[in-house]
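In the two assemblies presented below, subunit A is common to both, partnered first by subunit B and then by subunit C.
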Partner chain A sequence: MKFQQQLRNWGGSLVILCLLLYLTLGADSLEPLLRPLAPENAPAIYARNSFIDLVGWHLLLVLIAISTAAVIAILAALFVSRPAGADFLPLARSLANLGQTLPPVAVLALAVPAVGFGSWPTLIALFLYGLLPIFENTLAGLGSVPTTVKDAARGLGMSPLQRFWQVELPLALPLIITGIRLSVIISIGTATIGSTVAAKGLGEVIIAGILTDNLAFVLHGGLIVALMAMLLDGLFVKLERRFATA
Partner chain B sequence: MIELNNLTRSFGDHKAVDNLNLKVETGEICALIGTSGCGKSTTLKMINRLIEPSSGTVLIDGEDIRNQPPEQLRRKIGYAIQGVGLFPHRSVYENIATVPRLLGWSSEQIDARVHELLDLLKMDFDSFAHRKPSRLSGGEQQRIGVARALAAKPDLMLMDEPFGALDPLTRERLQLELKQIQKLLGITIILVTHDIEEAIRLADRIAVMDGGKLLQQATPEELLRNPREGFVSNLVGGEERALRLLSLRSISDLMEPAECFELNAATPSIEASATLRDALARQIWQQSPVLRVTGENGDTCGAISMERLLSLGQRPE
Partner chain C sequence: MLSVLRRVDRLGLTLSLASALALVLLPLVNLQPNRILPGQGVALSQLWQQNSFLIFLPLFLLALLSATFSRWLWPRLMISAAALLLLIIALGNSTTLLLEDQPPFARVSLGSGFWTLLLLLGLLMTDALIKLKMAPLPRLALVAIYLGAIFALLASGLWDQISLMLEYHNQERFWQQGGRHLVLVAGSILPALLIGVPLGIRCHRSPRVRAAILPVLSLLQTIPSLAMFGLLMIPLSLLATSFPLLSEFGIRGIGAAPALLALFLYSLLPIVSNTAAGFDGLDPAVLQAAKGMGMSRRQRLWQVELPLALPVMLSGLRIVLTMNIGLVAVAGLIGGGGYGTYIFQGLGQTATDLVLLGTLPTILLAFIAAMAIDTLIALTQRETR
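Up next is the complex of A and B:
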C-alpha cells in the first residue's frame, strides 16, 4: 500500500529524472538514434562541453537569478502589503511589470555593452523576468488570507510580528511557491538564449545546432531543457501541496 | 464588572458610537442588539482595544483598560466572532492552544486544558484534536472557536454574532450549550447580535442600540413588557411579544399542584424544564387545556393550565 502510494506520488518525476539522466550521461549510446537528424559528416552529439557540465551551468544560472529575484520580490511584496508601504504598491507593481515587458533578448542586447559577454547579461535578464510572477503571487497570497482569520489573530492578542509569522506567511506560502515555480520554469527556457552572449548552458547546444543546420543538436538540447522544466515543475507542485492548508 | 463610560467613536464626521454608558455585572450575559451599522460591533471592539474610542473610558473591575498594552489585554479576554476565523493551517488542538502559547504556558498545562475544553464541549479528543478546521462542520468549527476563546480561562468573553452563520437547529443547540458553559464557569459574556430571539434566549441583560446610541437596557422580561416606543418596541415585536415572554420562563416557575386538576392517563405530559411557550404549543397541538408536568425521573410533579399561561402573556396595562 505505502509503496504503491509513493510510486504514484513520485513515479512521474522518477521517469522524467531517468530520461534526463540518460540524455545527459548516456550521450554515446544516443548516437545511432540522433544520427539520421544530423547532416552528413557532422557529429550527431555535441562534444565541445560535457552535457552534465552544461546542465549544471544552466541550473546554476537559473538558481542564482531566481533566488535573487525571489528574495527581492517577496520582500517588496511584504513591504507594500504593510500599511506603511501601501503607498509604494503602484510603483513596485509597475517596476515588476517593466521587468516582464522587456523581452529577455532586448535585455541581453542592452546588458552586453554594460557588463560584457558571459553569464552576467543572462543573469540580469532572468532576474528581471522572474520578478513579476513572484511579486504578484506573494501579494495575492497575502491578500488571500481571510479577513476573519486576521481579525481572530488580532483579537486573540497576537502581536503584528506573531500574526505575520504564524498566520499570514504560512497561509500565503503555497501561492508564493507557485510564483517561484512559474519564474523557475520560464527562466529554464529563457536561459537558453543566454548562450548567444556566451553564457554557459544548454543554449549553446541548441544554438550550435541552428548555426550548423544540425537538427540532432537542437533536438538533444531542447529535450534536456524541456525535461528539466518538467522535473522542476513537478517538484514545486509537490512542495505547494505540502504547504497547502485544506 | 465592565463599565463603559461616555464612550464615543467617530469615523470622520460619522459617530459610530455616541456617548454610550453601560454597566455589565460580573457573571452576566449582556446582549448588544441592533441593526447592522448601529455601532454594536464597534462598541464590542472598543472593549478589547481592537478599536480605540475617540473619547470615554472602559473599566474592567474598576481598572482602565488603557493601562495595559492591547495585546496583553486581549489575551485575558476571550474573543469569538462570526465566521469563527480558525487558523486553517493549524489543527484543532493548536487552534485551541493559541492564547495559552502566547502566554507561555507549559505544554503539560496546555495539553490538560485542551482535553478539558474538548470535554466541556462534548467533543471526543481522539477524533477531533488533530483535525484541520476544513474537516469540521460549521457547528463544530464554531464550538472550537468558543473553545479557543475560553482557552486561557478568561473572566470575560466577547462574542460578535458567533452563531450568525449556522442553521437554526445547530444555532439553538449551541446557544443552550453556551448558556450552560457560562453558568458553569461563571464568566461574563458580552455578545453582539441582531437576532432578538438569540438575545432573549441567552442574555441576562439586553442593550438595544440604534444609530450609535443606547436606546434602552433592561432584562429580557422588562424589555418585552415595557419597551420604549419606536425602535425598541418594533424590535421586540408587536403581538409576538406575548409568545416571547412565555419563552423566558420554565414551566416549573408557574406550575400548580397536580391535585388541583383532574388528570387521567390520557392527559398529555411535558417536562418541568421546558419553557412556558413549549407548554402552550403542546396544549394547542394536543387540544388539551391542562398538561401533566413531569420531573427529571418522569414522575408527575404538577400540572399547568392554559388559563394560567394566557394570563401571564397578557398585555401590560
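Up next is the complex of A and C:
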C-alpha cells in the first residue's frame, strides 16, 4: 500500500529519469531511430562532445549560478526586510518586479561585451536573472510570517539571530524553494541559449541542428533539455510539499 | 546635526556615491579604431572642459545632493532627469571633437561609465517616482514625455557620430523588424486569449477540468524556449515536406511558424490560471446580488464577473506580454525575425553595438508593455473598488 503510494508520487519522475539516462548514455543506440530526420551523409547523433559531458556542464552552470544567486538573494531580502535596510525596500521590490520583465536573452547578450564569449557571460546572466525570483519569494515568505509568531519568539527570549534561523527561515522556506525552482527552470532555458555565446551545454546540439538543418540533432538535444527541466521541476515541487507540511 | 543625519536617505546616498565614482573612474566613451576592435577609454578628465560638460557637471552634483536627502523627492526626480538629458547632449557634442584627427573608420562607442551612470540615474529616478506615489495615469504620462524627449534628442542627429546610432542607420529595416517583433507577440497572445480565457472560466467552474488542464499547461511552461522551438520545428517541417502547399503559407520548420506556436503554448498557462484565479476570488455575495437582480447568466458573466476578475486577468496578461517580447528575441535564432535577429547577428560578428541595437529596443518594449499594463491594472482596480 505504502509502496504503491510512493510509486504514484515518484513514478513520473522515475520515468523521466530513465528516459533521460537512455537518451544520454544510450545515445548511439538511437541512431536507427533518428536516421530518417538527419540529412543524407550527415551524422544522426551529435558527436563533438559526449552527451553526458554536455548534461554535466549544463547542470554545473545552473548549479553554480543558482546556488550563488540563492545565497545573495536571501541575504538581500533579509537586509531590506530589517529596519536598517528599510530605505532600500521600495526600490528593491520594484527592481525585482521590473527586472523580471528584462528578457533573459537580453541579459545574456549584454554580458558578452562585458566579459567576452564562453561560459562566463552565461554564468553571469544565469546568476543575475536567478536573483530576482528568489529575492521576491524570500521577501514574500518572510513577510508571510505572522507578527504574533515573531512576537512569541521574542517573548521566549530568542536573540534576533535565533529568531531568524529557528522561526522566520523555516516558515518562509516553502516560498523560498518556489523561488529557487523558478530560477532553476529559467536558468536551464537561458543556459540553452547560452550556447550561442559559446557556453558549453546542451544548447550546442540544438543550435548545431538548426544551423545544419539536421532535425535529428534538434530532436535529440531538445528532448534531453526538456526532460531535464521537467525532472528538476518535479523534484522541487516535491521538496516544496515536504517543507510545507513539516 | 543628528536631525540632518536622520533625514539622509541611505539608498540615495549609496547611489550618489556610486554615480560619482562611476563618473570619475569609468570611461564615458571608447574610441575604437573600427567597428569590431575594442577601443581605448576616454575618461572625464579629457572631456570636462567642453562647454556642455561645464553645464552638466554642476547639475550632476546637484542631482547627487538632492538624492541624499529623503524629503527632496521632486527635486531628485527632476534634477536627475535633467542631468541625464544633459549628459546625452554633452556626449553628442564631444564626439565630433574626439573624431577630429582620427582615421575614417574610427568610431566613438558608449563606454562602461555611460551605461553605469544611465543605470544609477535611472534607479534614482525610479526610486523617487515610487516614493512620490503618483496616480497611475500622470506617472505613465511623465515617463512617456521623458522617453519622448530622449527619442527627440536621438532623432535630432545629435548622436549620429556615436557607434550605436551608426549601426541604427546601417539597418534600413529597423522599424520593420520592430513591427514584426510586435506582430509575433500579438499573433501568439490573441489566439491564446481567445482560447485561454474561456478555458480559465471552465477551470473555475469545474475542478475536474482544472485538474486535467493546469498540470499539462505548467509542464509545457517548464520546457526551455530553444528546446520548444526545436521540437516544434520537427513536425512543422515534416508537414511542409509532405504538403509543399503549406510552406507557401509560411508553415515551415524554420521561421515564424514554430515561434508563433511555441509562444502560443507558453502563453496559455498564465492566461488560464489567472482567469481561473480571478473568477475564484469573486465575492459570492456580489454574485448572489446580481442573480437576485434578475440578471441572466450571460449578463452576469459580461457585466459582473468579467469586470471584477479583470485586474487578476490583466496581471496574467502582463506576465505573458513581457515573457513573449523576450521570447520573440530568441526566435531570431530560428529565423523568426524581430529584434533578436540583430542580437544574434551582432553576437556572430562580435559587433557589440549591433547586439545593443537588438537588445535595447527589446528591453524598452518589455518595460513599456509592463508599465502600460500596470497602469491598466491600477485603473481597473480603482474602478471596481
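In this text, the second predicted complex is superposed on the first by the 235 of 246 C-alpha atoms of A that agree within 3 Å, B and C clash if a C-alpha of one lies under 4 Å from a C-alpha of the other, contacts with A are read in each partner's own complex, and residues count from 1 in each chain.
The rule is short, and it goes like this: contacts are C-beta pairs under 8 Å (C-beta built on N, C-alpha and C of every residue); 3 or more make two chains touch, one makes a residue touch a chain.
Here the structure is a predicted model, which is why all the values come from computation and not from measurement.
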If you stack the two complexes on chain A, which partner ends up touching A:A38: first (subunit B), second (subunit C), both, or neither? neither
Let me test your reading of the model: by the given contact rule, A:P170 touches which partner, first (subunit B), second (subunit C), both or neither? first
Touch check for A:R154: first (subunit B), second (subunit C), both, or neither? first
Could you say whether A:L126 touches subunit B, subunit C, both of them, or neither, answering first, second, both or neither? neither
Give one of first, second, both or neither to describe whether A:L54 is in contact with subunit B, with subunit C, with both, or with none. neither
Subunit A: partner with more touched residues, subunit B or subunit C: C
What is the contact status of A:G189 with respect to subunit B (first) and subunit C (second): first, second, both, or neither? second
What part of subunit C is in contact with subunit A in the complex they form? 9-12, 70, 112, 123, 126-127, 130-131, 219, 222-228, 230-231, 233-234, 237, 253-254, 322, 325-327, 329-330, 333-334, 340, 343-344, 346-347, 350, 352, 355-356, 358-359, 362-363, 366-367, 369-370
Quick one: in the complex, what on subunit A touches subunit B? 146, 148-159, 162, 166-167, 170-171, 245-246
Subunit A-touching residues of subunit B, taken from the complex the two chains share: 48, 50, 70-75, 79, 81-89, 98-99, 102, 132, 134, 145, 148-149, 158
So, in the complex, the side of subunit A touching subunit C is made of residues 37, 87-88, 90-91, 94-95, 98, 100-106, 109-110, 112-114, 117, 185, 188-189, 192-193, 196-197, 203, 206-207, 209-210, 215, 218-219, 221-223, 225-226, 229-230, 233
